[in-house]
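Read through the structure below, which is laid out as structure tokens, and then see the notes.
Every chain is named by a letter (A, B and C) in the order it is written, and numbering of its residues begins at 1.
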């Protein structure tokens, strides 16, 4: 058991999986010689060769589209999109092709494919290096969308994604890469996709969130504990499929729910989570379901005061929680 | 090339034309909602298919490729089941519109409707072949209209950079539904684009199955030798509207269609086989009977087959 | 004056940097934008230029040391005028700066002002449900929420602090989303009429609490609207006593909870409810609701009085499961840790009255349930076995039942089944 950053956990999992399965390949812009712009794939080409860790042409539709073909012809491709913000040229391949292939072929074809992409803001990345794009993909049946919030989960979820027979989008928060550290077992383990995790037990209200916001919610909860407010934190880990049972369980337990995400408010996962609770746990609610999310502006601006105004922070989470607790 | 081989090519062209004609009849009777035809493209499709290791090499077709998939091992029954949206349709279980082919058993890649997306899949299939060294070649089929899409260019570039065992096979019939090729591109030939990606571009008479066979065979050999992909442009013509919902009289003159019909590959290839005594008139009659029987059998079978159970709507979204 | 240079953030996602080499030493002069030091991160290695012109006065971090972004690493003495205001440009602010709630534009879906204006008398769905299920009138509860709102916890606290009534509290239909099954909760305090009390000077008047009023109303309603009938059987539980005696130490060691008679009684009741399903039913005016789930309300004595938490799906548990479930509920009841779920959804009630030493009780039915059973004290008595007098461990089983729904024959079958199950237990019986 070693203490690793979120980034190292991902890299070591990729290494472990490449060793385990000869069919797995990695490719994308800069992933080979350079080891990726964030160094996630550092050292992998040296170990596994240019045939398995491939610097591809700079064309996202081609990166994903060839991965689909390669998956169907027997490989387990794990392409990287350099920034989630750059995934849009590949939308047609992801949504129209990867997501629909099993369905449209009545189960004759499947696409075992993992698309890794760094996402999220708070790192001076501005409009095109800060986006949270998960809700767009979570809307699409046929895709799975996972977003780890800890180094431990990063490893277990990635191994599950690579083993999965369906296309999985694996979003990694850039601000988590080096700031989150934790114990990660050396041996391979799987965290099931679609299983949420209670990261903290509490009684007064539930924060339902995922990704970097899990650690932010934990910081907020520590502050609130000193004020006598007991917060439960549910880390969704997968946003498609959602763990409906866990969502309803925590909602029923505390009767007060705050959904937190960095992605824009409108049409975000918070809306779906809220609807599930409203449909299935109305008579347990003791307060309106609340959402704390990125504002409905096109994307996160660059200059620090603007960026900060956009970002969800531990203090903003604590403030929203206080209001809900007082209700 | 043996006489038997040439006769087999002819048989599949004739079979495709007959299945095609029957589909139109079913449509006009109100029994098939929509038809997309390979009528006119049979030589290009069957000629190229016969140059491949059929059932092992991957083909990535588009909606025009009825003759191609028949030559590649899909049965007339399977085509008719697909047309009528029956549960047993192996392409999609009645989920996709007609002419959206896909049959894993024969290495016919499943296809969507957005044109040129399939070009990249061919590159990806070929990428796996390069890594796995499985000796397969992957062939993308597409019309000239789709070469305006970015994904066409991305596919050629990717395949050429990585010297993948792929072939890009353009069936240029001059029209993307109603839009003529001159409004699609500022060059005369799709094949000219190959130079920009560092691969050979070959133009071939798409109404001559034997010439198509020859160039495809060369491209395949090149792919297997590790020399990378080839862009083939088969010049041909579609004799019918884009689909059963289309009326081509608004964008094509009858004279133009009549002129091309003189070069109907079914007629010219049949004449070639008879003139060169590769095929006797008795054999031809027997073959025509066989085709007719196959089409009748396929129609009857598919019409009697069960429709999908609505309870299967939610199946195969995911593996489990 | 001295200018402090801080570790800059070199690249997105980078949180710390290592001093590779100082290119200037203390005492060296440095030009603005001249390279000052080399910093190594796992993304880039870069020379860091000086933010100001001056003399390096102090190196704060040695070469080879790793520090987080924003840590002061050296000081530069600036001559003449005050340092320019942009001297911190070598150190961008940390990725997550100190928050300023007033400028924070992060979207929040609910305006707090709206929360503050909630009027007393408007209740959340959870409060309404709990009010119905506990019979507590929220108007009588002091609200602790915003604007005096009565919260879910207020109702739960009221229910827990006045647990005598909780025996009736459990008598709710499964899932309160079908409120038609329920009787309407009283909206006005009940005046207990009847014989007028005689108050003399030496007597003390204790005010009737709200909870006590509700209990009174519920008890009265059950007794007045439900035609109670009653019967009793006695069971020979000598085998059970021996079985428990044999297992209890080992059980405690292995399972961590004590093995009491309660789980055996619950097991017997489950078997009997399966055999006579009409007992696991509810009166619903024009219909009788045959409950599918078997959720057994179970009395537990606590400091605050009697609480009746519910063991859900008791039919899916063996003796060990029932022992653990019942003790878990009892413990949590004593610690005040029961959830709303624990107190609701019962379909039948078992009262372990024997715990207080009685041998015969006449329990009041927990409407809309249709029966309630007690387990009395186990006592050794001389009984006739065969044609001989023997000393046996005997227990009385008492049943009150709603005669609208249950006939005497069915009630007899039910207690007979309980008796038969209890008497079948021997030292050889498996509890798994």
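What we mean here is this: a contact is a pair of C-beta atoms (placed from the backbone, for glycine too) under 8 Å apart; a residue touches a chain by one contact, two chains touch by 3 or more.
None of these values were measured; they are calculated from a predicted model.
Chemist: So which chains count as neighbours of both subunit A and subunit B?
Modeler: none
Chemist: Taking the mean of each chain's Cα atoms, which chain ends up nearest the overall Cα mean?
Modeler: When every chain is reduced to its C-alpha mean, the one closest to the whole-protein mean is A.
Chemist: Which whole number of Å gives the spacing of the CA centres of subunit A and subunit B?
Modeler: 41
Chemist: Which whole number of Å gives the spacing of the CA centres of subunit A and subunit C?
Modeler: Spacing between the chain centres: roughly 31 Å.
Chemist: How many Å are there between the centre of subunit B and the centre of subunit C, using C-alpha atoms for each centre?
Modeler: The answer is 65 Å.
Chemist: Among the residues of subunit C, pick out those that touch two or more other chains and give their numbers.
Modeler: Residue numbers touching two or more other chains: none in subunit C.
Chemist: Help me check something: in the complex, which residues belonging to subunit C touch subunit A?
Modeler: 9, 12-16, 42-43, 92-93, 95-101, 103-110, 112, 115, 118, 124-129, 145-146, 149, 151-153, 176-177, 339-341
Chemist: Subunit B touches which residues of subunit A in the complex?
Modeler: Contacts found on subunit A: 23, 25, 51-52, 54, 56-57, 59, 61-62, 65-75, 77, 89, 92-93, 96-97, 100-110, 141-142, 144, 164-166.
Chemist: For subunit A, which residues count as touching subunit C in their complex?
Modeler: Interface residues on the subunit A side: 7, 38-39, 118, 122-125, 129, 174-175, 177-179, 252-253, 255, 264-265, 270, 282-288, 290-296, 304-305, 308-316, 319-320, 323, 326-327.
Chemist: If you look only at subunit B, which of its residues touch subunit A in the complex?
Modeler: 58, 60, 89-96, 100, 102-104, 109-110, 112, 114, 117, 120-132, 134, 136, 138, 150-151, 154-155, 157-158, 161-162, 315-319
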